[in-house]
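Presented sequentially are two complexes of chain A, the first with chain B as partner and the second with chain C.
Entry: the complex of A and B
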């Protein structure tokens, strides 16, 4: 593998991910790896929901990896697994090259101080009866250690300044209901930073905010990423924001990663039929009045039928490709056998049997012909 | 069902000088402040604004769906229906007349279908209910109509027996649309009908809405915070901020000749998937407190073009100078389409990576 020299441990992670080198790898050293991670939920007697299946990726210091998918695709479960909120059913997580075992309390604490999670809804994630100071004081004290006699106040002010809640003394005594949505989300960021993490998992951090504020928040996250060399996982349903914000994009469908690649390349020339559908469905301001003229993207089988319920993450534990019921290119093999990720270039792979039809241009651009041989 | 394919010109709804205040102990919150806009027959009017801008209050207020502490403090809402004999000011209707107007003439699609549908009634009984309350038809006729409505929105008839929790989010929203169309209304107010849905489903439902509109000839007031969606969907777009309309224009005019600094800022706020990567700026700051609105332009504190005169502008909509189309109006007398893009105030930078 060409990128094996980039960082320790890369090789083993890469071996399971269709042999690609993450576009985020150039940003800094390897921080967190998910290797063949899976999560099953028992939904009833003899019924199992495979929420996340065989997911592998790596986060690098200073790099942003976006996990894109629709609701029910398993992207939030993946974040909760990485954050240690859920136990893995299969697979392994490694932090700085060390396998992580969260069953011991101390190890769990140590892990949590390194890997922090930010939630989507800043109203639900802050306690309405406590002030900003209270929310930040506990993580700051935990970080300082119980024996520290140092007052937490100065540290809290620094945190608030880092998330641009200034002047800090104006915000420190406020309750969540006194803050706007954007300000509340900044407090969530500050709380995550209080532990001085190396990894930040952001689960739809801007989707609840107004459009005019989203960009500022993403720019703040970008600033924090650079300043603290954070390895960031950006979970979103908005593939356009991933294009701007992430180095690498992973597209998730029904619990699996179906395509991955550098953000710009993947969004401009999607290879997997699902990614193509996702990109074609995003609002397109340049397609003025397109819907009125009936000139939207060609209607898509499965998407257009309306009556059909969209698949939830791995609900039908069928052997075939999870996208095959909606895929216009599906053939017998797709319904029988789930495709493994195939490398389409040094940094891109897609899990599809019919890439030669779905994305001939992307395949043509690949280096050498070794990737097509399975 | 009355045929609505008759005359197809002139406004179907005129909102004039309309104001709504929320009466609180700390004083009135002027949620909608002297707003005027027309809706033409068969037109899709997009109303875009951030949360708290008053866009939903405007639409619900115009249909008189607000309850105290909301108070309509000024204005008129003139409805010109093809089935009604003469035009009527909705704000002056008696409760009986109002009952006839609602749903029969003006229907709504609410954002959260899960909350708007009754969880313990089947799709059939909810549709039949709506039809029988507003149209004088027999139970059998109503059942037939319910089945036809599901055909219309692309849901198999077998789903009549389903309960809301058995449907996906997209299907629930389709049921909501079917319900809104049940009585053949002239105007359908859609309040963020697809915001909670995935993009693939969203596009699919919007395409269906447009198709239905072409067939059934109703007008749509489409409320959303997503300007990028409106550029594709709407005929005309009205931009609302802090209870006031800042700019109205055709989708084309808004995209290519945006005049108001806020509209310019919004256009520069969403990352686009296609074309060149642009330098994005966003809009720093947050909207003003409407209990105590600043004098003049409410956007001034966040505006990159602000000047002293801005505290004294009257906030009336005037034609954009040099605009290609008539009907492109803006509340900002100082900045026009030609003024260079939103200058980024110090201390903020665009997203780059």
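Entry: the complex of A and C
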């Protein structure tokens, strides 16, 4: 599965492949798989941007996988690849075990009845000239083949009630500019649900909303996930909301997944230096005073000084670890070779040469576990 | 002026919400003038030929009816050969307007097709269609029209329509191409692909409705261009001179020296008709923005405070008389204006209102 950079591994067989059991797998059957997915954009003559490189993960019915990363890390591109909005450069997508080929229009529409994408910006994702009714009527008609007018009307009311836009009669004839950001995003959710999908890809669904309604929207998503057994990909730059909402967290940096693991465990004891920075930069209400005084979060030594350098995200020039220019623990090897994901426990892996320094406790826990098992 | 608002818990005691203003009343004043002007011309084009008091081509042999000034029998006078000018005008408005509308429809359709296709397909097709556009843009239109119409064997209206349509689309196509490219990347287009819409439906129902205002404005401009060009062509005699249009009226008036002989009733009516048509179309254009934008439609419906519109996005209105900041040149120019007199009177405590 991992084509490049696996040569330098020196650990056990499990550590070399880096394959782990997803924490979301316990929730339900496998729905969507991304296998070695990659996307290159040509930015100029002879220049290629590797937006997404060799990303693999699985979504399970009823489970939430969070994709966390900073702007430009390729997480939105990953969602658009899975949604079929962009063509894959490399890799494969499997839906319910079947390889997906989206080149034919009919196949694309069948795929869309299973996999739906919700966009980040509710102000851009609804057409300003159409009413709420039109936005919901089209997917109901297209995906469910409803011909007569009456059943579609009832279906629309049901959809609006599912996303808690009630009374539905009041919203059905409105134009997008008459709705608030939260209401628009609910319409977007309703539109995605109209196709009765099994997989929902949510691309930063709450980042454009007021802080006061984010939690409400997340609980709405959680409710929809439970009610329809949705397999959900939740993309965010906010690792705190991922911890609240997701079963498994994938941390993305420069187009690669650098760490993955169960949400609670990963956010409590991050192994990869980048994840440690992410967690440390999330505001902690208990330690706000300390952070403001400049003491810095006590994640690991040197985090504060190492994070100052500019990121080189996505640049294909260097062969080493893409995080090495920013990494406080980087050494010569990091700048020469790109680390492959290493398994650190049954459900966790991280791509870092210096895990022994970055997260000795995580590694120790795993060694101890293996020792007792054997 | 601040009467205390009645405080009540009973919703029925509150005054009814303001009635939705009709579309007509929400139009800006100049757009209303445009609608009225164009309405009059369209009415004249529809029923005018039924009302003509005389056959416009009938040449009255009576010598007293040659170049007769307006009278009760001939409201707009007669021409040198004794034809009734009013009848010619009523028939001529129809021909000119119909020709211009057909050119407008054909050229706008061409520009929408070319513009949207170029922007949506992109790549090679975009390059090709843009090149075509640019070639047509740099062709000097009027000389080409004269040459083309001079060489065409049949000088009827059809050839005029064809040639004007062929030369009238590139401006609109460029505008629409640019607008389509801006809309194409928006999320709601990706979202309609998510819904599973076909490409033609995305074009026809998602992209083009967002450009209604632009397309309508480009249509009005094309009609304006067609009126101007067809009148100009007829004026220099490159059209079917046996039919009556505003252009041929001007041609005959010019060729029989109406201006030199002081027969103003012969050339002024068709000239004024062309001028008013143009004015009407330009004014109409100002009202078009609201057509394709539901948001603007509602903003015009906003409440008013002290005669000033308040929109939801406005800052809280502070109702003080504004004292605009002017530079030296601005103040100099302002001192000539009528409002500077009003300002001066108000400052000296005069009866400003």
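Please note the rule applied: the second predicted complex is superposed on the first by the 322 of 374 C-alpha atoms of A that agree within 3 Å, B and C clash if a C-alpha of one lies under 4 Å from a C-alpha of the other, contacts with A are read in each partner's own complex, and residues count from 1 in each chain.
By definition in this document, a residue touches a chain if its C-beta (ideal position, glycine included) is under 8 Å from a C-beta of that chain, and two chains touch if they have at least 3 such contacts.
None of the values given here were measured: they were computed from a predicted structure.
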Touched partner set for A:332, first chain B, second chain C, both or neither: neither
Contacts of A:177 with chain B and chain C, given as first, second, both or neither: second
Per-residue contact with chain A, leading partner among chain C and chain B: B
Chain B versus chain C as contact partner of A:113, first or second or both or neither: second
Which of chain B and chain C A:239 touches, first, second, both or neither: first
Which superposed partner A:98 touches (first chain B, second chain C, both, neither): neither
Chain B versus chain C as contact partner of A:169, first or second or both or neither: neither
Which of chain B and chain C A:192 touches, first, second, both or neither: second
Contacts on chain A seen with chain B and repeated with chain C across the two complexes: none
Residue ranges of chain B touching chain A (in the complex, touch as defined): 44, 50-51, 153-156, 159, 167-171, 174, 198-204, 206-208, 210-211, 225-229, 231-233, 235, 251-252, 255, 265-267, 269-275, 277, 280-284, 286, 348-353
Residues of chain C that touch chain A when the two form their complex: 186-188, 190-198, 206, 209-210, 212, 292-295, 298
Complex contact set, residues of chain A against chain C: 80, 83, 85, 105, 108-109, 112-113, 116-117, 119-121, 124-130, 138-139, 142-143, 175, 177-178, 188, 191-192, 195
Partner chain B, residues of chain A touching it in the complex: 64, 70-71, 180-183, 210-216, 218-219, 222-223, 237-241, 243-247, 264, 267, 277-292, 294, 296-297, 299-300, 303-307, 309-310
